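These are the structures, in structure tokens.
Here chain A shows up in two complexes: once beside chain B, once beside chain C.
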Partner chain A sequence: MATYKTQIRSGVYYDSAKLMMLQRSLAELPGVLDTGVVMGTDSNKELLAHIGLDTPEVKAAKPDELAIVIKAENEKAADDALAQVDSLLAARKSQGGDEYRPRSIESAVEAAPDAGWVIVSVAGRYATAVTRECLRLGKHVHLFSDNVSIENEIELKKEARELGLLVMGPDCGTAIVDGIGMAFANKVRKGPIGIVAAAGTGLQQVSSRIHQLNSGITFGIGTGGRDLKESVGAITFLMGLDVLARDPDTKVIVLTSKPPAAKVAEEVLKKARKAGKPVVVNFIARPITTTRDGNLFFATGLDDAARLAVELANNPPTLTGDEDLPIKKFTKEQKYFRGLFSGGTLAYEAQHILAGYMPKVLANSPINKENQLPDAFVSQENCIVDLGEDEFTQGRLHPMMDNELRIRRLYEEARDPEVAVIMLDVVIGYGSHPNPASEIAPAIAKCIAEAKNAGRHLEVVCVATGTDEDPQNLNDQIAQLKAAGAIVDTSNEVVCRYVGRIMRALAERDVVEEKAVGKPVDLENLKKPLSCINVGLESFYTNIKDQGAPCIQVEWKPPAGGNEKLMNILQKMKAPVKK
Partner chain B sequence: MVDIEKANAYAVERFMEARPVVTTMAKALDVIPGMHENMFLHAGPPVTWERMSGPIKGAMIGACLFEGKAKTAEEAEKLLKSGKIEFSPCHDHMATGPMAGVIAPSQLVYVVENQTHNIKCFGNLNEGRGKVLRMGAYSDDVLAKLRWMESVLGPTVKAAIEAAGGIDLRAILSKALHMGDDGHNRLDAASILWTTQLAPFIAKTAKDTATAFDVIKFLGDNALSILNPVMAGCKTMTYAGHNVEGSTIVTTMARNGTDWGIRVSGLGDQWFTAPSPMVKSLYFPGFTEKDACPDIGDSVITETAGIGGFAMATAPALVTFIGGAPKDAIETTLDMYEITEAEHKQFTIPFLDFRGTPTGVDIRKVVEKQITPRVNTGVAHKDPGVGQVGAGVVSAPMKCFEDALIAFADKYGFN
Partner chain C sequence: MATYKTQIRSGVYYDSAKLMMLQRSLAELPGVLDTGVVMGTDSNKELLAHIGLDTPEVKAAKPDELAIVIKAENEKAADDALAQVDSLLAARKSQGGDEYRPRSIESAVEAAPDAGWVIVSVAGRYATAVTRECLRLGKHVHLFSDNVSIENEIELKKEARELGLLVMGPDCGTAIVDGIGMAFANKVRKGPIGIVAAAGTGLQQVSSRIHQLNSGITFGIGTGGRDLKESVGAITFLMGLDVLARDPDTKVIVLTSKPPAAKVAEEVLKKARKAGKPVVVNFIARPITTTRDGNLFFATGLDDAARLAVELANNPPTLTGDEDLPIKKFTKEQKYFRGLFSGGTLAYEAQHILAGYMPKVLANSPINKENQLPDAFVSQENCIVDLGEDEFTQGRLHPMMDNELRIRRLYEEARDPEVAVIMLDVVIGYGSHPNPASEIAPAIAKCIAEAKNAGRHLEVVCVATGTDEDPQNLNDQIAQLKAAGAIVDTSNEVVCRYVGRIMRALAERDVVEEKAVGKPVDLENLKKPLSCINVGLESFYTNIKDQGAPCIQVEWKPPAGGNEKLMNILQKMKAPVKK
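The block that comes next holds the complex of A and B.
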């Protein structure tokens, strides 16, 4: 049975057109069957009587009282409808956003609550406060202004991270969102590639090349050139990477940066490896030792990055994880790698490659002096021992001819409960031992068996150098080593990278996933059609409008006329940031 | 730490919930708190005789003559200088007065009750335009009119108000804003609504038809007949939001022709003043800016409550005062949204899609954006005894708001 609810409001006046609108809006609410919204004049009451809405309250209403009657399916629907009267009366279309120029970001946000971005290009000394105000109002910021101190940059980015907002900048030239270029940007079609760039013209170059190669981009997220400095720690860069990794429309990610801090670059790559999609990396001036490492593809330059990204988008590669690695077999204590080499150059190359996988590799003959193994006869941490060095060959044959010393060392390493992986080189050919595997393989087998008895898994990997026409016969040597339980390959690099991946996985195995700092960027929100607010250079406003996106220009002046004392007070009085 | 946002929302909500109703009239001495035989109230913040503007001095002289405290202007001036008469701001006594705003103890005042919050405020009777006491004029004809108002108009209107069971000001103002009034400088529609609501009761209760005729004609001819009750009504609204701990909302703005003053909800009854600016005015024939007194009167209580200059967009007929194009009127209102807390729930602007008028000036926004409240106002002659010379617009001086902000920061620890 239908429920009737009546509300009488006295001392209010609304234009009759407004009341008719309210009546229509109420009638559209769920569960509402009929409504009457009138002033309580006799003729109006008669009208309501005709449609059966003349409740006792209506009958008693005076001409200067507003009567709202709801006929609804049930009591709740009627109450819900009445509860909405005030907001419906207050509802209005957004007021002439184009013509009027609000005087503050806050008023701009009131005029355009859906705007997700603010482009800030005010003088540097005001940029921090303006950016903070944008963050307070829940907006992403494209901070074009320069002359913002790095301390302020760090504070702003940290605040933004807590709120799940991006601060692109300071001194961020370029960004592309929803196909719309902000500040300096090119008209790049939409497509499957997402870019994060701590490099303004870098972003322009890569995105333009992608366009020229007939592909396009989802987002071009700028971060400002200092983001990958150690003190900033790639805050925006990592947030950008994270959101692109989550974006299903972004099939390939391109990361590019002006020369980054080495440590920060490693941190970024660590996260990039977990993106679950191909990531093309081009960090200017960072040497590359490989073109591919899992899902990471290393480009030699900006153009190469664009080319690679388009290729990967067109022909998605098969991405495999670490499923092939025996990580779970190791005990908790096993965390080190030992390389026992007979060949000096192979040992050097191993150092060079493995440096990309672990923080430090010691060696008795290090590439870099700071990685000197203090005592060649005593291994520690991750280390590579070249047993062909002078300290080992005095009074005995070179290890390529005499395996005895290396086998003794192999047993030592194998018995170390902290050792997980041992790498050996077996170099055959004229001059070498007539059948090295005949001595090394049984030792390997014994080591593996002993470790197994002690409850450990020992991974022994060998690089075998030689040919099948050598007197020792490469295939025969490999067969013996494999039979003993070793992983064998003829490429030193392949073996080293295999070792590297194991060591990296071991290092990450025990790391409890650090609690995510801050709040992730809301992807849904970021993917809405671009609507923005511009504070500063008017040409940016015009550019956005020309590209067909809504934009509001703020008629901005320094707060409190630039009076420092008053500005300071005002800042302190601001409402806390909306989280 | 005090929650300013919450305090402001609460204060302005009370502005908007307030429902002022004119319930009766009474002798100032009988109803105005703190009033005594030798006290004259005046507009604006406190002021001494020495610093007092011409119009207030003139009105004070007129009041002495009217009260029978002096026989000539010279005598009156001597008395006023003597210190025997206490001067006090209307706002310190829950009252408001337009222009000079002088209220003498034996004068009749409207009693306006905010029925939502049970707050009573008081306003004197409006004399119409031209040469009037509130503009500082005190000639015989001015005094004769005052006497007629006290003896005929007042008692008749009082009886009618009571017979009507009170007149709801909020309802009249809501309607008048849709009829081209701003609620301060233009009250043509509201005054007609006021007159039409009272007329039947005047016809019924006046002692004879001739009196009824005179009174209805006087009310109907005077496009400002409702101004004084409207001001008292606005005072009942803003006072409802006064003394809210932690609120940066302005609850009083007033001027005395010498100083401009404001009070802030969270700062109690402390005045923050600055020299009163000149009004950007259009002048009546024969007058120029040289004749004008700096900005004066309590009528800026209307802007404080969210109408007047703030509602300019709904009163296009007033645009001649501000440059001539309706666009300027709209921009004035849009600017006021920049410095206010809320959009009024009762007072709306059809042209802006029924957006509520900008309500509740926030000193933080005023200082941050360097935009001060815009006021529509009349202009008095600077010398006593002359009267109104024009009307126009004026912006409040920034200093009041900056000083208030600093005081607020001191009080609440935002330094």
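The block that comes next holds the complex of A and C.
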């Protein structure tokens, strides 16, 4: 029969590494079968319950109390083990023991004024105050601690943004700066790829795979998993992206995270499109609709992101901007596009592709019900009408055979002063009209001319589907359409993306560039050799030293011995919390 | 002031090509401003209303009545136009006028017994009976007609499947057989790619793009847009896929459609995996999670599908089967996998990838709420536990530093007789445990040995994240894990897909291969030079002839002059409808 003994200690603080060491040491003592050494939080108690160490004393323990449970062969072994707790706790790793250890962050900063970073891994309930102190001392913070409220996260990040400082975290496992890994990070060679990642192991997997593929990184910036929630608004993610966009050594950027809130994803991609360099995007589990959109390259997973980034770094792609778009020709009122399709699948794919470029695409045969065009015969906003749908074809010829209805509609759309772009499909081949361009091209020319007379530029784009062996001859059809002033391509995707880019540029045309919020991160400073201060888990300090970078360990203790009330008073006396 | 005149004709039947020709001829007459020539269906009346031709007579017209509206400069012009309707209707295209035109499908089959196909484009309400007749005469049917009920579609397709015949449609715009396009189709050179597509312009876009990329096709099989609905169950799609899988000339298969019902997609992909050749899949707007899974290659769009297919045809990939999987080693009871992760993002990506291989993956930190593992401390079914989540780490060390909890859990999972595969991540680097494999590898070895003693094979797979420059040295860690009997890779995706393939194979292991429903299509017969019969739109007949293939046009009229009651009686006398 095993014996269980429990000891509860109040008013103590040990970091979890210390507790783990204690637990291991106890477990190795003679006669000890199992041990649990945890703070008395509910989840820890549940954990102990699961492994059968939930003694009555454990059940009664409070979150700020340390619970030590011994399961031993007999009472004596349990008592002997408990008797050794104090001496085991007093034992200290010799390593680094002779270095100066300031007792406050302020003193650490005085001792190492060049340290750019503070790694913070104190218990969650102390982490906000510690981080705020670091920011006010002008330091970037790698905030490893979890259990920090989202309200505190937002407050800290907003303050940091005003100061041009990065808060990576809370719950940020990994970062690599100047080739030095902070917290959990791999030794990855320096190279041309910069990474911004929400979480820890995403960044570790991508950076390690990049290293394995013989490339390397400039920065690995972690943001914490909640940064891409709408309430946080990707503050650190966007700051990280901005840093990498400005950094001349970063040739390719990788962005990876779980799928962000829709609005946040849009904001991140918008900024990414302006990075001026290839950006590999992997929002894990977020559907990809294309592998490339301008300078954005979409990866299907972490491994794929690493592969793509290395490929792009080795073979830089040609990047073009939006110089080819006729944005300036449109009037201020022109803001909509209309798709008039004869082919259902082409119309469907067009909706799918264009949905990536604008908030909403209405259609008479919509992908999602909420995009239903109320009346197929009357266009509104951005919409795609499939004229091959039953409502148009009952007792009539299909629009591939009979252009009349579509041409009538084309004139209607062209006369709408809010319409900027009209997209048509021209599908030739057996069965289709013997020469559709002979009817459609003159109508296009007339529409463009009429619009011009009315002071508008009308962009008409066509996807021409068919072959050079078709009776109508694809090349001949294309020539007619081009002569009428249309932009023509044989790929539905190419045409849709051209339309999408115009619509995106039109939407952004009149938006007054928002005044940048906060202060940009000082890149020059960020690129200096890493020097840092560590508050919390001692192993992080050791790791930085092992990598050859200077680091100071703060001999940190919770203020007021962990008494929260007193702590708050102290905090208020020191630096009033911003509202 | 314009004048409107209307003529309503009852008890008449003209195909829509004829009506279009009439409309155009009328519009060209002197003094005529606009015309409408349509059957009096609601949607046609709406259409006329939209262009201002909804006279009171039109509003009163019935669906089986022909409405002719003239808008003219004056009354005389309108009357003159109406007076010419009969002679215009009587005018007949001279083309092919001297050929024999049987008045029934039966006679056509007698005249052309080798014709393998019938193209049917009669009005929807007659199409089911016509198609059934063709099937019973042993012909494949290209059913162009729309407005056929889904119940009739299902009935026709089931009958066809029993007979080993294809029903492409209803509402199937396109097909290419033996290089000959039926209905709407492009002249595409013959080549190594076979296509099955739900709808018309999808097939036209893909086949045309393949031609433009200098390749060609064997078959272009259309199925109609509803074939992939759950109620139809992809009957034609699966038969088409089967044909292409068996056809030795088809080296690459392309499958494209709007996204099928989930269950149908699964069925199609399952069959596609067994095709024994590369299959390019493009379910438009269906998210892709990978670009490749075995012989399946996922495209992001129609254009991408064409590009991929040509690339694969030009550079055949190496295809491997499931020979590498240890399926036979497992007991019958072993059917679950358990993922024990220390990295949140790795766990998240694993859920995402594995969701593609099994119906459900539970998790303590699930992608979707419905996959919530009720108790993080107790595994069930297929599940992924992230031991880095708060519930495990409050007041404890992270599982990357402290392996204890994970190893306890590993033993639990390994002892579960229903568990076949356990997946672990081993993340090294600064911050992590100094030698995780030294603790994890012996545990793995012990679990495998214990399972073996209990008569089970336990597959343990690890993703090892890190580099050769990490303090723990990735290669050394991998060597330890492999020596313990684990399968190890550095890519999370590679490991997950290996697990996924095992789980898929296990799920399929005990499934008794369903007896194939129906009769396989006679491939040899299908590959004979195309010869066909056309019922409906005359232009389809002309097109086949223009392409140099034999075709017979049936001088078809609705039975009983279109009187539905009488038609039903006739139909019943002829061939009783199957129940």
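Quick note on the criterion: the second predicted complex is superposed on the first by the 474 of 579 C-alpha atoms of A that agree within 3 Å, B and C clash if a C-alpha of one lies under 4 Å from a C-alpha of the other, contacts with A are read in each partner's own complex, and residues count from 1 in each chain.
What we mean here is this: a contact is a pair of C-beta atoms (placed from the backbone, for glycine too) under 8 Å apart; a residue touches a chain by one contact, two chains touch by 3 or more.
What you are looking at is a predicted structure, and each value in this text was computed from that prediction instead of being measured.
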Check the residue A:L397 against both partner chains and state whether it touches chain B (first), chain C (second), both, or neither.
second
Between chain B (first) and chain C (second), which, if any, makes contact with A:N74: first, second, both or neither?
neither
Looking at A:D86, would you say it contacts chain B, chain C, both, or neither? Reply first, second, both or neither.
first
Using the superposition on chain A described above, determine whether A:S107 touches chain B (first), chain C (second), both, or neither.
first
Quick one: name whichever of chain B and chain C touches more residues of chain A.
C
After the superposition on A, what does A:N525 contact: first (chain B), second (chain C), both or neither?
neither
First (chain B), second (chain C), both or neither touched by A:N214:
neither
Mind listing the chain A positions that touch chain B in their complex?
10-15, 18, 64, 86, 89-90, 92-93, 95, 100, 102-104, 107, 110, 557, 559-561, 563, 565-566, 569-570, 572-573, 575
Give every residue of chain C touching chain A within the complex, in rising order.
16-17, 19-20, 23, 38-39, 41, 43-44, 46-47, 50-51, 123, 146-147, 173-174, 181-189, 197-205, 208-209, 211-212, 225, 256, 258, 284-291, 300-304, 342-346, 348-349, 351-353, 367, 377, 390-398, 400-402, 404-405, 408, 425, 427-432, 463, 465-467, 469-471, 474, 490-494, 539-540, 543-544, 546-547
List the residues on chain B that touch chain A in their complex, please.
4-5, 19, 21, 168, 170-171, 174-175, 178, 248, 331, 334-335, 337-338, 343, 345-346, 348, 350, 352-356, 364-365, 367-371, 402, 405-406, 408-409, 414-415
